[in-house]
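This report refers to the structure that appears directly beneath it.
Which chain is which? They are A, B, C, D, E and F, in the order written, and residues in each are numbered from 1.
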Amino acid sequence: MENLNFAINNVWMMLCIILVFIMHLGFSLLEIGLTRAKNTINILFKNVMVIIIGILTYTLIGFSLMYPGEIFAGGILGFSGFGIPLPENGLSPEYAGGNYTFYTDFLFQAMFAATAATIVSGAVAERIKLTGFIAFAIIYVGLVYPITGMWKWGGGFLDELGFYDFAGSTLVHSVGGWAALIGIYLLGPRIGKFGEGEIKVIPGHSIPLSTVGAFLLWFGWFGFNGGSVLSANPAATSLVLVTTCIAASAGGLSAFIFTRLRYKANDLSMVLNGILGGLVGITASADVMGIWDAFLIGAVSGILIVLSVAFLEKKKLDDPVGAVSVHLTCGIWGTLAVGIFGSMAGWGQLLSQVIGISAVGIFAGLTSYGIFSLLKRLKELRVSEQEEIEGLDVHEHGTAAYAELKYE
Amino acid sequence: MENLNFAINNVWMMLCIILVFIMHLGFSLLEIGLTRAKNTINILFKNVMVIIIGILTYTLIGFSLMYPGEIFAGGILGFSGFGIPLPENGLSPEYAGGNYTFYTDFLFQAMFAATAATIVSGAVAERIKLTGFIAFAIIYVGLVYPITGMWKWGGGFLDELGFYDFAGSTLVHSVGGWAALIGIYLLGPRIGKFGEGEIKVIPGHSIPLSTVGAFLLWFGWFGFNGGSVLSANPAATSLVLVTTCIAASAGGLSAFIFTRLRYKANDLSMVLNGILGGLVGITASADVMGIWDAFLIGAVSGILIVLSVAFLEKKKLDDPVGAVSVHLTCGIWGTLAVGIFGSMAGWGQLLSQVIGISAVGIFAGLTSYGIFSLLKRLKELRVSEQEEIEGLDVHEHGTAAYAELKYE
Amino acid sequence: MENLNFAINNVWMMLCIILVFIMHLGFSLLEIGLTRAKNTINILFKNVMVIIIGILTYTLIGFSLMYPGEIFAGGILGFSGFGIPLPENGLSPEYAGGNYTFYTDFLFQAMFAATAATIVSGAVAERIKLTGFIAFAIIYVGLVYPITGMWKWGGGFLDELGFYDFAGSTLVHSVGGWAALIGIYLLGPRIGKFGEGEIKVIPGHSIPLSTVGAFLLWFGWFGFNGGSVLSANPAATSLVLVTTCIAASAGGLSAFIFTRLRYKANDLSMVLNGILGGLVGITASADVMGIWDAFLIGAVSGILIVLSVAFLEKKKLDDPVGAVSVHLTCGIWGTLAVGIFGSMAGWGQLLSQVIGISAVGIFAGLTSYGIFSLLKRLKELRVSEQEEIEGLDVHEHGTAAYAELKYE
Amino acid sequence: MKKVEAIIRSEKFQEVKQALQEIGVVFFTYWEATGVGNETHGHVYRGVAYSTTDIPRRMLSIVVSEEKLDETVQVLLNTAHTGKVGDGKVFVSTIEEAYRIRTKETGTKSLN
Amino acid sequence: MKKVEAIIRSEKFQEVKQALQEIGVVFFTYWEATGVGNETHGHVYRGVAYSTTDIPRRMLSIVVSEEKLDETVQVLLNTAHTGKVGDGKVFVSTIEEAYRIRTKETGTKSLN
Amino acid sequence: MKKVEAIIRSEKFQEVKQALQEIGVVFFTYWEATGVGNETHGHVYRGVAYSTTDIPRRMLSIVVSEEKLDETVQVLLNTAHTGKVGDGKVFVSTIEEAYRIRTKETGTKSLN
């Protein structure tokens, strides 16, 4: 009996690992589609390296930092040693109440880890240096992400405090979003983006690829949220899938309507961002919301996206793919929503949520400011003007993404 | 024991939900690849909206119309009220004999619902108005699809009559196919398609994207048919996967050979249509056919596709992606095949199948005729000539799919 | 109990089938991205036909050749008859110790079978005749692959000998790799590839599509290796997923660093090949290696890839996609590694591995030499010079992959 | 011989081509170009509306004999015409020699 | 009237365009071309380093009146200039007649 | 100076380029164009066979000094030649002035 339950749960968790894995392809395509052809290989390269770095640094130190276990855990920092040595009962039902094995646990968390850096990749695209970004990713995924993650999921002080973040609106998405925001602030906009008071549009080179990316992200989110139940419990998992889908749909719908009213256009990239915003929004609470809560959380996300994109442009913060709006704005919103809607709503909870958002925000913000500033001083942050104008692909990678095509 | 069985079944059903979800990406890519670059965003936009609409209308009324439950069900219409309030035992094994939870049930059906409108999207592409299509999709997915669906799957009169349609050759694919046929009839062909007695070819702009689409459809069909077993029963599910794959292969093979003989060309788009035709064909009976039955059903589908595409062109019905041939022609064929091959074969069954096909065809045909005619009268059906020639993307969406590329 | 276990295992195996299926899309995209636009449809056509052929020939004879069962098995050849008649207890737990049904078994193996020919497809791309390739695929998938497969997995002489190949570094990847090597040797290089002593570069037309392909291959490999456990055993499956991901990451990382040092470029296609090399490398032993073993196997694979690609170019063997390096070089390495790292390491094992590699290599090499030579004599191997220069798509398929675009 | 270069609206191409063929001008070469001029197109992208003067056009290069020149120009002026800003231009210049590669014919003989 | 054909570095285009517009040359047509010349670009692909003389360029075709000619050429020579090999060329030839399709105006009136 | 415009089969380009370089014509610009002429190509798409006269071609624009003209034209006529319909055309016209942007050299000095 126990073994059977163990096997079922573990199958579900492995499926979720596989789904979260493919989100990295989703991010990659979303990003290249919304940027220019001349920087395509560069963006793909960063995204591929981020998974590799995510898995390997998480093996080396991340997992031990994020889940140090009772003995080593502190309120804000703990570390159980390098590598991922198999604990005694790591492959038996005792390891996690029959929900998954140690290896499943590790790999699910490792797939999450890489996400934080991938989010940044899109925002800083088309101008960041490859080596600089890789250095950032190693530190951010290897240290920053697991440390804030431990505060809640590893049993740290935010957990004690009652902060709730089901699958990581704050712990994953905002952590990525803060670094994205700091990154684009320190990098400055792409050449030609804000000329003489007016905003210049730099259209993405392939809306179809971006659409594939958004679909794959939704696809992967079934695993991102569904797996965060941490078992195959039919009631919990199926509710999570439904709230996730409804929030995504509501986000897309409200972004569609709002963009249409405000800009008189049917802007696909905004609808896709709206869907992703809805997904990020529900991520903190997919397991504790009802159908209409989920709808409202998603619908608000879709509107926030549109406002946030416009706000950033006004502030001359250049985010080609809308990463900050999707992951930070909606990440904060979704985390707050835990205290507003659903079964946990209440002032006390809202306060806990605000504390959690702030604590993580301050730490993620400061550390990413530190890393990016250092890189800037080392001249490892931004590519040269010539390189940016001619394209990063030819300069950093020696070849073009579409060798036989003429792109303007 | 009961709980374990429940969990296993539910995991399988959730996997199938996720697979059916990604079929929408498959449809999107198949469609944009077989149409022109200037209408790409428009087609993607429609497909994205269709999922959103599918999930939300199904939440609001669709599910209650299609599965009203014993108390509210009638032979041809039933409705158990707005929304999807959780039934008392909705999350326990009692809900559906331990096969899935209420939420899993709902979401699996919701994913199916959107499919019917997505099928139409491809056929009417490159000339239908966005608002018109969205209006159509809301009504069709919200009302028409669940009503005919109820006739069989919700326990209505077709079910009583012994009509058999395993996963929806008729209830999903033909329902979409009929609307596609009526749609292209009322819309008329794309400008320049049938000039002076001769058929003009309008080649699709990206065969690779279409191929990705077809692969993803096959991929999703594992869940479409596999999930229609409505449990993880090893015998039934594994048989269904095998018959599905064999019919798909046979459809591709016969389309390949037949096109080669007839047109002396190795036409990839036709082979892909053949595969999809085989998949649609086996959908009505994947659980009751043997290996060679599946092979024959698929092989006939592949030939029917080629004939049907040629026939429609001769009749000046312009279906850029072959949706009518794949979903209607092979949907009818597959439904009939239940009475011809396999364990249910017999004259009585064949008659039931004919009645089912006709009943659904009449209702789907009339309602879609009604909706499209109304839209036509309201001038909401077809875009202006200028818009069609210059492309829907620039007009309805304000931007181009491939901003940096020159398409002819 | 027994039935529940059966159901869980079978769900996992079906999931793995579905994942292995999508690897064919991965191969297709990897290949078209690394070749020229004018041959895109041709490559896709071959890949689509390979799945069809794989499934159908495996139904007809392959499965019976590879798993003839005790009664019919020999050391080197056995055959239990045409078709796949359902054995008496084929759908009950007795069939395979409650791990899967007969149909699941068949379909999982059928998905593997097609892989061997798909590997070849990339290497011989841009110059092989369609009919020739299809003839090759039928014979190779229908006869050669199942025969060598039987030697180990069907209980033949290599199994008796103690040869170990978990998921097919040799039995699948090298079998494909040998035919790829022989194929490019007999075909000769593409026109213009090796002019006057210097190597001319023929860049692929879409690095983004290749990247999607590599991601999908990794995605599918979760099923390729995970399913090779042949049950949902939590300990074994989760270990396999972890070693697989770590080897893939290590392969990508070492290819990245090594290429950077050697060529001073951040070559994405090489990093992707490195990842795939790591995956092939770990395939023989994913279930018997520890974390650091997996890392080392992957890291060596990544370096071998870079060396192997350079070596083949030096020998004027033209492999546009690196198939030989990925599947043969790393396939051999991974198979040897069983005797070097992990729990099975030892001189005896190493010897068994060498014998297995050699036996399979000789058989696969000779048979593919035979088939390709025959095709060459029949003038069915290579397209005409005009066809090659103008592109296979227009000649063999009558249309262009990107009809509205001008490719150079 | 004269070279007639016409820059026209891409969507007028089919019409122009047919009209040219009707007067026997069945030989020419064309490519996609971008025109900068009076016409502007409005676009919206991610909430920012903007207008561009860079508009996709089709460029035709037609070499004709002196006799055919007027007729060719007239056909272009008439069929590429919509009356709205952005109809394009026709430019005429002199070609001193023309060769057909296949036959090595020269002069007007080589033109069609 | 004169036709000025300029083959410039693609990345210099925005600058050139702006400078042309400042001197009132707001009408021209351009397209992507490939140039073969002195400049070479280094590439690396799958471990093979190679250099190519085929470099993406932008081709501008500007028809101007004789009076505008010098100014136009000067602007091109100045703004497309980097001083490094590969800056491109400017060629001038004669256009005998020009027509605006919209109004059927001819001569310099038709140019802008 | 003369401008030689050659419209050739795309697949003949490599050969032509090499031959031009051998006679010292190592400077030119080219782009993809579509040709309408005698040649037709057969296609099949979704069961419909059709033939098109719009065939992908490569357009070369080569500015040479008068002395180089003949040799250049001969090389083009010889190497772009297959003898089958569709080999393309070569057109010669006059260039009045040429400038190298990098050095501001003019005349034939600017050509290479």
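Note that in this section a residue touches a chain if its C-beta (ideal position, glycine included) is under 8 Å from a C-beta of that chain, and two chains touch if they have at least 3 such contacts.
What you see is a predicted model, and the numbers here were worked out from it, not measured in a lab.
Novice: How many links in the shortest chain of touching chains run from chain C to chain D?
Specialist: So the least number of steps between the two chains is 2.
Novice: Tally the contacting C-beta pairs at the A-D interface and at the A-E interface, and name the larger one.
Specialist: Between A-E and A-D, contacts are more numerous in A-D.
Novice: Just how far, in Å, is the C-alpha centre of chain E from the one of chain D?
Specialist: The answer is 19 Å.
Novice: Mind checking the centre-to-centre distance between chain C and chain F? Centres are C-alpha means, answer in whole Å.
Specialist: It comes to 45 Å between the two C-alpha centres.
Novice: If you average the Cα atoms of chain A and of chain B to get two centres, how far apart are those centres in Å?
Specialist: A distance of 33 Å separates the two centres.
Novice: Please output the residue numbers of chain D that touch at least 2 other chains, ranges allowed.
Specialist: 31-32, 34, 43-45, 49, 93-94
Novice: If a residue has to touch 2 or more other chains to count, which residues of chain A qualify?
Specialist: 1, 4, 8, 11, 15, 203, 206, 265, 267, 397-399, 405-406, 408 - these are the residues of chain A that touch more than one other chain.
Novice: For this entry, which pairs of chains touch?
Specialist: A-B, A-C, A-D, A-E, B-C, B-D, B-F, C-E, C-F, D-E, D-F, E-F
Novice: If you look only at chain E, which of its residues touch chain C in the complex?
Specialist: Chain E residues touching chain C: 34, 43-50.
Novice: In their shared complex, at which residues does chain D touch chain E?
Specialist: Residues in contact with chain E: 2, 5-8, 31-38, 53, 57, 59, 73, 76-77, 80-94.
Novice: Looking at the complex, which residues from chain C come into contact with chain E?
Specialist: Its residues touching chain E are 199-201, 203, 259, 262-265, 267, 269-270, 306, 309-310, 313, 322, 408.
Novice: Contact residues on chain E for chain D in the complex?
Specialist: Interface residues on chain E, with respect to chain D: 3, 17, 26-31, 61, 63, 93-102, 104, 110.
Novice: Can you list the chain C residues touching chain F in their complex?
Specialist: 192, 386, 389-390, 394, 397-399, 406, 408
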